[in-house]
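As written, the chain order gives the labels A, B, C, D, E and F, with residue 1 at the start of each chain.
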Amino acid sequence: MTDIRKDGRTPDELRAVTIERGWSEHAEGSALISFGRTKVLCTASFTNGVPRWLNGQGKGWVTAEYAMLPRSTNTRNDREAVRGKIGGRTHEISRLIGRSLRAVVDVKALGENTIVIDCDVLQADGGTRTAAITGAYVALADALEWGREKGFIAKKAVPLIDSVSAVSVGIIDGTPMLDLAYVEDVRAETDMNVVATGRGLFVEVQGTAEGAPFDRRELDSLLDLALAGTADLTRIQLEALGA
Amino acid sequence: MTDIRKDGRTPDELRAVTIERGWSEHAEGSALISFGRTKVLCTASFTNGVPRWLNGQGKGWVTAEYAMLPRSTNTRNDREAVRGKIGGRTHEISRLIGRSLRAVVDVKALGENTIVIDCDVLQADGGTRTAAITGAYVALADALEWGREKGFIAKKAVPLIDSVSAVSVGIIDGTPMLDLAYVEDVRAETDMNVVATGRGLFVEVQGTAEGAPFDRRELDSLLDLALAGTADLTRIQLEALGA
Amino acid sequence: MTDIRKDGRTPDELRAVTIERGWSEHAEGSALISFGRTKVLCTASFTNGVPRWLNGQGKGWVTAEYAMLPRSTNTRNDREAVRGKIGGRTHEISRLIGRSLRAVVDVKALGENTIVIDCDVLQADGGTRTAAITGAYVALADALEWGREKGFIAKKAVPLIDSVSAVSVGIIDGTPMLDLAYVEDVRAETDMNVVATGRGLFVEVQGTAEGAPFDRRELDSLLDLALAGTADLTRIQLEALGA
Amino acid sequence: MTDIRKDGRTPDELRAVTIERGWSEHAEGSALISFGRTKVLCTASFTNGVPRWLNGQGKGWVTAEYAMLPRSTNTRNDREAVRGKIGGRTHEISRLIGRSLRAVVDVKALGENTIVIDCDVLQADGGTRTAAITGAYVALADALEWGREKGFIAKKAVPLIDSVSAVSVGIIDGTPMLDLAYVEDVRAETDMNVVATGRGLFVEVQGTAEGAPFDRRELDSLLDLALAGTADLTRIQLEALGA
Amino acid sequence: MTDIRKDGRTPDELRAVTIERGWSEHAEGSALISFGRTKVLCTASFTNGVPRWLNGQGKGWVTAEYAMLPRSTNTRNDREAVRGKIGGRTHEISRLIGRSLRAVVDVKALGENTIVIDCDVLQADGGTRTAAITGAYVALADALEWGREKGFIAKKAVPLIDSVSAVSVGIIDGTPMLDLAYVEDVRAETDMNVVATGRGLFVEVQGTAEGAPFDRRELDSLLDLALAGTADLTRIQLEALGA
Amino acid sequence: MTDIRKDGRTPDELRAVTIERGWSEHAEGSALISFGRTKVLCTASFTNGVPRWLNGQGKGWVTAEYAMLPRSTNTRNDREAVRGKIGGRTHEISRLIGRSLRAVVDVKALGENTIVIDCDVLQADGGTRTAAITGAYVALADALEWGREKGFIAKKAVPLIDSVSAVSVGIIDGTPMLDLAYVEDVRAETDMNVVATGRGLFVEVQGTAEGAPFDRRELDSLLDLALAGTADLTRIQLEALGA
């Protein structure tokens, strides 16, 4: 049954994923990533030195900020800068991206350097946080390489201990599906975002019953689907990085 | 090896959990819940009517706000009201509590009524969000009963379709453990909060690798432990409600 | 005429006042104080060192913050953190508590240490500011003792030069009354808060005509009543402190 | 001993008080009041109608806002608009001015009209809040007259039931003094602001021990001095109003 | 002397200008415009209806918001949403874009419809505000066409009465130059932004002496250069619109 | 035709301009300037030292802040401090005043000193920003003199390299006019503010088509008119300064 999804995908199929590495001419690392119609611009800003609270500990810092352009969505949302505060969802996703990246960074090897990743959603069609994490990894990798070339990171240091990517999964009409587009996301009974490393280990598992609570068997099948998806994304990241 | 935990608990043992139902003389429902030294005051405020965006749909609304008193923790934190904004963690937990409660509420049966749950942490020793969800359910149940007595909820309506509780689990030195106290939480390699219904279904699963990423087997053992914990909490909630 | 007040008190009678000293396991000093149904949690946080603007002057600093839980009152109030700013009443009471405590502290004897008192109203039934001041003194006294034991305050220093407590008085239907409960407070023509030391000296006198302005004779009778009340409160504080 | 005060005044002497009525060409009532070098511009803005929460009750509303120009003081203070919030002192004084004016207004006679009084300190030399209240009364009286002329207030209605003025008193080196200039204010052991009506009744009494707490006898002498001062101010107000 | 400018342009030469019309799949009109390395995403959001203050006047409203992504520039800038307020420069440019667009819109012909233009700078290299205005016009034109097709704008109405574009000019080392790149902008003694219509009329002229003040002759030569530039931009806009 | 303007002025005539130098007894320089009924209080606050980002460069800093009293206008506007943020127009004008003053200051000659100019509009009738700039120059000149007398500025240093003033011009019913009062400003098709030095050079030219766009010839006649006006204002400034 190939027409189970509006866009013709099978339940376990990712959308077309493309990564335009080095999109920004200013940032030390950057990637414009697309998961179908979802487009996120990820830039990594490298600064020598760390925030005051980390001073003198020989460790670096990686953090992230996520935002959506006001008309990235189907109807316009007010700018958070105009409202004067960051919303709960924005905070939550920014924190998730930061944690996900830090899970694959050895902050000792990074040394006293700071990397800020900005993930700005230019167009949204579901899965913006998972696209952001996946693209952010590419930007991060390039910024680290830049830091090494500039001599801020020691020659032999290995600050990246693994790669990281993320994908959404959900149950729609009882069927577990991979990489939900917006129209699918709103219909899903259960929605889960999984962040995993290139080696197939979990970094984050966030499952939410949107409709009815879910049982253990459903949870297991979603986890299987997600790990298959992040394995694919890992391959696409490596290609983009020419590794 | 009974002394694996500082407070003498076995790995699969909850802290002493107590629920003082009806602590507040003003709120329509309330509970002062303790998970060991963690104490959270949960109040449920019932209002007839709904926010404007829900008007006329015959559905109710349940939402939650979480906060910590400045000296609920070991060192004092600035008040969010003084800083002029809600932090990311606070937002995230407030949203989690709200989603968890809504998962067991039939908003049609609730009718056009609004319940706001406030969870204020008076003393914190790890697991404040899981204590908050567990206590909030008791406050919610009483507020719904109040609404029925006052005639705002139909006699035969069944707004509560299940109960809900939450517990934290984590892996410390390779051992999965239930209901982490603060000193345990900071040492955990993996930290997971699980929200489940009285019937044993998942509402939320939020696992985070604090140190090294975790594999599928570890994830499975944490889920087992969590479901055993929420089953216990369900029993304690029922006792408190005199059901 | 014993039934002049709803709760059966005589005009010159305090509500039942109880002080649970050491309620918080984290704070250096704490007290959960009740004036009838009004309950305020007071914690004192001791920090070695002073704010930058006091540096190097050999003097300490004592300040206070007051807040109400959203459902401490009969109907729920929005959180000030959510509104993004502290209201005028909150500011005013925080400043009053701070001034009242500083009036009995010898900041030279305190040395370069800072004490922040948090007064959080858990349940409100009139007189929250006077209960806060009265409880804050107990928390302060214990925090000072803690500072002495830890060696931050000199052995022979006497940072507390007197005790301090507070009570409300008001004129209702022409009769001056002590320690107004909420239902009395809203009916009072004149409302006065008096802060006085254990020795019977005034620290603050704040009288406001809520209805008609008041004359000198009325003012005098209110002051008499208030001083009798603070004398009682002083005794209760001393008992709580085991002095 | 005539030279007890820097400016040559006797202890019970007001500074030169002048009132420029109608200073603003836009406001419905206005006064530029000087207490010596303290200059406050008071404007009263009359609007037909009341805030939503007062709708349909047949009552009016009077409120006030106080602010200082950044360089009204000896050293420049940051603008509250730039800091993004109103400070505690500003809030407190705004509320005091509003309460003081409402004490002499019959809101039923005012009808469903709103008057906003703005008191902006152009130059500060102590006593800005008392000058503000005294000048605000003149602006208010003219705005009420304007409202009557325009037909918003009934012909026979008497919205002003008394006049109101305010003065500061304090104890310096043991001597009670009237209307403190800034250099006196910072030296005062006790500082009191008294708001009284033209008939000599108290509206507000706010006494604060800046240094040592004060006894009943001192309080009494300050109250005597203040009532003499507000009697003088009442006369000056009446002259300004040509009454 | 071809090498007077770093990028090889002659003083009166625009950078390469490209317009990707319809870049956004959600917005009613959109354009990704590049002035050399400066890239601005302009989206136009069409809403039937007007803000309350315009209700019932038969007129529409056009407004604009400008913002820069944090790493659009050479070094990262904090997000305005994180700082909690919009900076002065951002406000100023947003207002300029809005005024510029309204100058060519007949709000009566637009009818009671609102168009919000968002101009988000993805990459900055000088001239972001002029690129924004030039691209915004294209997005606006498409949104108006969309409104006509949907029937929100009358068939025969002509809401666009002219086209509008903008360009920067400046004096560098005494030579007037067109369309300054960032490295030129920082060196310019005088900097001017000119907004002009397709018919060659001025909408805005904003000249600022960054270094020394400028005389009338210099002003005249800058205006000449600017009008030649906006004539070129008008042609490029028409091509993009396929007109 | 003398009655072309409501107040009887000819098109090229300034309103009555008066400058009360030294109005403030606290500020290092001050001027209360009137352009007809528009009254702006300008104070200059001199501080030895510079903001951190300028430290050690041997240069000073001049900045400005503009604000309107809430009832300076015909109808009351909310305070920006109450709204919690500075509006776009306020920001824009503050920045304009600062740039205008810096254009005539040699920051090297100023040395590491900071001057903050506050321009507070006490009464508004059009042209508040141009009155502010013109008055601010007088306050600035006096503050610089104060700095020299106090020894913060070197004896032979010449921090002021020219004078600066500003005026508005506009086209009303096809006629270019100087110094628009409020009723004229709202009718103007084109509105221009011109800031020029005492030597007749331009510092800022900001022309906006409020109604129809304007052509080159109109622009030229407005510039002529403005330069004649600023020449007059220069003379009035010199008189006020007794130069």
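Structure notes:
Note that contacts are C-beta pairs under 8 Å (C-beta built on N, C-alpha and C of every residue); 3 or more make two chains touch, one makes a residue touch a chain.
Predicted, not measured: the structure shown is a model, and the values here were computed from it.
For A-B, the matching interface among the pairs A-E, C-D or B-C, defined by over half of the contact pairs being the same residue numbers, is C-D. Averaging C-alpha coordinates per chain places the centre of subunit E 28 Å away from that of subunit F.
If you average the CA atoms of subunit D and of subunit E, the two centres end up 51 Å from each other. Annotation for subunit A: residues 84-86 touch two or more other chains.
Beginning with subunit A and continuing to subunit B, the ring of touching chains reads A, B, C, D, F, E. The touching residues of subunit B, when paired with subunit A in their complex, are 85-89, 91-92, 94-95, 99, 103, 162, 192, 196-197, 199-209, 212-216, 219, 223, 227. Residues 24-27, 30, 37, 41, 43, 45, 47, 65, 67, 69-76, 79-86, 90, 116, 118, 120, 122-124 of subunit A touch subunit E in their complex.
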